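Listed after this line are the structures, all set down as structure tokens.
Look for chain A in each of the two complexes below; its partner is chain B in the first and chain C in the second.
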Partner chain A sequence: MDIIPQLILNSIIAGAIYAMIALGFNLIYGTAKFFDLGYGALTAVGGYAVFYFYKTLGLDLYVSILLGVLIVGVIGFIVYKLVYSPLRKRKSSGMVLLVAALGVLTALQAIIAILFTSQFQTLSQNSSSEQVFNILGGAITQTQLVTLIIGFVIMIVIGLVFRYTLFGKAVKAIGDDEEVSKIVGVNTENIIGWVFFIGSAIGGLAGILIGFDTGIEPTMGLSLLLKGVIACIIGGIGNVYGGVLGAFLLAFIENFGIWHISGEWKDAIAFAVLILFLLFRPHGILRK
Partner chain B sequence: MWKNREQMPILETKHITKHFDGVYAVNKLSINFEAGKITGIIGPNGSGKSTLINTLTGMIPIDSGEMIVAGAERLQRVKAHEVASYGMTRTFQDVRLFEQMPVIDNILVVLTERSIWKALFEKHGALHLEKAEEVLKKVGLWDKRDELAKNLSYGQRKLLEIARVLAMIHCGVGDINIIFLDEPFAGLFPEMIKIVTGVMKELRDQGKAVILIEHNMDLIRELSDHIYVLDSGELLAEGKPGDVLARKDVIEAYLGE
Partner chain C sequence: MEYIIHISILISIYAILGLSLNLVVGFTGLLSVTQAAFYGIGAYVTAILLTSTGMNFFLALIIGMAITGVCSLAIGFVLSKFKDDYYALGSFGFNVIIYSIFLNWQSLTRGPLGIPGIPRPSLFGFTFSENVWFLALSIVLLILVYFICRFITGSSFGRVLKSIREDEGAISAFGYRTLWYKLAIFVISAMMASIAGSLFASYITFIDPSSFVLSESIFILAIIILGGLANNKGAVIGAACLILLPEILRFVGFPDDIAAQMRQVVYGVILVALMLYRPQGLIGEYRL
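And now, the complex of A and B:
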């Protein structure tokens, strides 16, 4: 089997996952303007919710996934209402919100570990018998193919919502100037609540898809979040399209970077790219 | 005190006070704004004009005193997101737009459905576009509708802010009755000034309370039905512009500086 088509395919798959993470993160960051570390833990919440419904309760696969996504969205919304919203009303600084978000991350991870143990779990039933497709000389599993398709569908849907709906305009307006949005009658509190719901649900879905592809563990969120954040920074933080662009760029650099070396170098390469961007192009590729 | 609804002020302030580090920016100010009138607020720089508007529109909290909206709603404090629901809106001295959005989106966002569920799925309808076209044509920015707000000239930015106010009146939350304009004419060309004065007179004739902060005395004289003169956060004089602007203490405090 040729290596280059496989590397390209791997990059696209990883890119789709990173893009989803980046999309959710950027949505929240661009609107609420703080670094939501807790968002990372929500990917694990999604994975474990599906684990519970699908594996423990034995519900239908699609019902489980739907419930999982909804639950992550609702938890994201509740966390906003209970933690971030009161702090933002008090005009707390970004640092206070960051620490609060760190608390949310730690608490959610701990709760998952208490409920499900810290053991690595996988969501797929029988991974050995999974269908493998050949595309352009590279191998891709059914799960990965589904991940790709879902990833692209989400990107397109979010893109369309932002471009064409009044909700999308309101979200952009809040990101631009929240105070003025209030003055002109945009219901900022409601809209930010929805942004947390939608952003969290996207992150949760990414976690679920990873759970089917490789597996889940309570602490999976932080490294995923960091990849999403790197994608956002190199693409252009706060810019929804920038995040997606950065995600694929990052995935390609990572996967081609380890062409001749061991896979453990992936993270080192990702952070090296981050540092280079922070030094030489801190606004990312697409400026907001 | 009030005889009938007609003469009841639409917005009153009672002993509104705001101080910064011991300096009173607004000191026990009690003034009234009436519907269907343009009320001018003048005073030297730092006399508390903008601070007054900022407190009344929830941008900064009030230290003490209260405001009464439509004779009914007594408010010790108002929050920025409630301002529109009390029927108030404003423009800013240092124009504040949604810079990263096209001109037309700056208007469309104001026309957003309050029900999020609807807004989530609803594309801006023909009605919204029609309204947006109407207000943008009124201020002469329809041709610029696809430009980003940040790329407009200073005067155009001011006009877009006026158009946004108009959009709120057309389609915003509840009824917008009270409109604060913080130096809307500063930096405008004569033909732009004509547009804004036209809009203001129209709003007045529709029964809105228009509150104008302005330094240009010719425009104050031309537009105001009633003026308040502030000095060091206190009320120095009030009345018809012709009378007030002729007063010696007013001239000394402000015009003769």
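And now, the complex of A and C:
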């Protein structure tokens, strides 16, 4: 097996996951304008919800996934209502919201660890029987292919919703100027609540797909989330396509960066890229 | 008794960390989440010098401070280009990068295996091998750091820092080069964290990279947010509260691993609750 095709495929697979995280995060950041780090823990919530329904209760695969995504959405919505919404009403600074989000992240991760232990778990029943496709000399599993497709579908759907529906226009309006949207009669509180629901659900779905591909652990969220944030920033924060572009770019840099060195350096490479972008191109590749 | 001494030593170490971070976050208003990196550099320099050359602890402590100072100068210089949320995000980045270096520079740090057998400090033939004496040493260093912090924050230099926090534009209009002030306090703070690192390394006699992860930085941030920003006593009180809390949970009868997670849940909830109801912490003088 050649190394270069496999590196390219690995980059695309990682890019698809980062892209989904970035899509959900971008949606939330674009409307609510703060770094919702609690979103990281929601990916793990998604993974563990499916673990519970599918493995422990033995429900049907698709029912479990649907329930998992719904639960993550609802939890994202509840967290917004309980924590972020009151803070935003008080016009708290971005730093207060960031610290509160750190608290949410820490608490959610630990609650998952108490309920399900902090062991590494996998969602797929028997990974050895999974179908593996060979493309141009590299291997890609069925789950990874599904992840890639779902990532693109979500990107296209969000793009279309933003462009053609009233809801999408309202979301964009809030992102541009929340006060003015209120004045022209947009129910901002309601819309932002929905944005949190949808954004969290996308993050949860990403967590579920990771669970089927490799596995889940309670602390998986933070590093995933940070990758999503980096992807958004290098692609152009608040821009749907920018986040996806950034995600794939980041994945390629990471995977080719570790060609000759140990894989443990991946996170350091990602953050080095972030800092370089923040220094030299803070608005990312695509402007909003 | 031995147990109370152990807890007291930990409280002094974290109080030093809290005091040092408070200079940057509380007094200067820069949301830095990378203190664990400097704590780690101090710990590693001390550990490596003590185990490989058998140098005196106090000399190693000073060399550790010097090396941390140089690293923090470079990091602080890059971070000074960012503002608010991006500052926090950039500082996450440096914590992850330094952690990766601890983990991957195996010829120097032995990577995930860690460095065992770090000797206790000794001075003029007297070794601080008894924990009581080590506690005395840590308290002396804590008092020293406390008074340095008090001196800094009470001086005219400290007043410039506070005015940077309140309105950077205004103070630079008065002709102060805010960059130098921000860099100076960042380096001072990092060097203090390095003292805590040296103490930690020689107290536990073993270090590995897992003590210096991003969540450790978040924990240090939680200490000063709970105790109160811009208040030196607050940092010490915050450290005492957050170290004692999990111990109380253990006495209530939770098993050890659940108690460890409960500690995370509680301090996550504390962060959220403080942001919602008391953003200045217990006795803070500044709110984010």
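As a convention for this text, the second predicted complex is superposed on the first by the 288 of 288 C-alpha atoms of A that agree within 3 Å, B and C clash if a C-alpha of one lies under 4 Å from a C-alpha of the other, contacts with A are read in each partner's own complex, and residues count from 1 in each chain.
Just so it is clear, a residue touches a chain if its C-beta (ideal position, glycine included) is under 8 Å from a C-beta of that chain, and two chains touch if they have at least 3 such contacts.
For clarity, every value in this text was computed on a predicted model and none was experimentally measured.
Looking at the shared chain after the overlay, A:Ala100 reaches chain C, while chain B stays out of its contact range. When both complexes are overlaid on chain A, the residue A:Gln109 reaches chain C alone and has no touch with chain B.
For chain A, the partner that touches more of its residues is C, with chain B and chain C as the two candidates. Contacts of A:Leu87 after superposition: chain C is touched, whereas chain B is not reached.
Contacts of A:Ile258 after superposition: neither chain B nor chain C is touched. Of the two partner chains, chain C is the only one touched by A:Pro282; chain B is not. After overlaying the two complexes on the shared chain, residue contacts for A:Leu7 are found with neither chain B nor chain C. By the touch criterion stated above, A:Phe167 is placed in contact with chain B alone, chain C being left untouched. Put simply, chain A uses no single residue to touch chain B in one complex and chain C in the other.
Note for the complex: chain A touches chain B at residues 161, 164-167, 169-170, 172-173, 175-177, 179-191, 194, 288.
Residue ranges of chain A in contact with chain C, taken from their complex: 34-35, 83, 86-87, 92-100, 102-111, 113-114, 117-118, 222, 226, 229, 233, 262, 264-265, 267-268, 271-272, 274-275, 278-279, 282. Residues 31, 78, 81-82, 84-86, 88-90, 92-94, 96-97, 100-101, 103-104, 214-215, 218, 221-222, 225, 257-258, 261-265, 267-273, 275-276, 279, 287-288 of chain C are the ones touching chain A in the complex.
Contacts from chain B toward chain A in the complex involve residues 57-59, 79-81, 83-85, 89-90, 92, 96-101, 105-106, 108-114, 116, 119-124, 128, 164, 168, 172-173.
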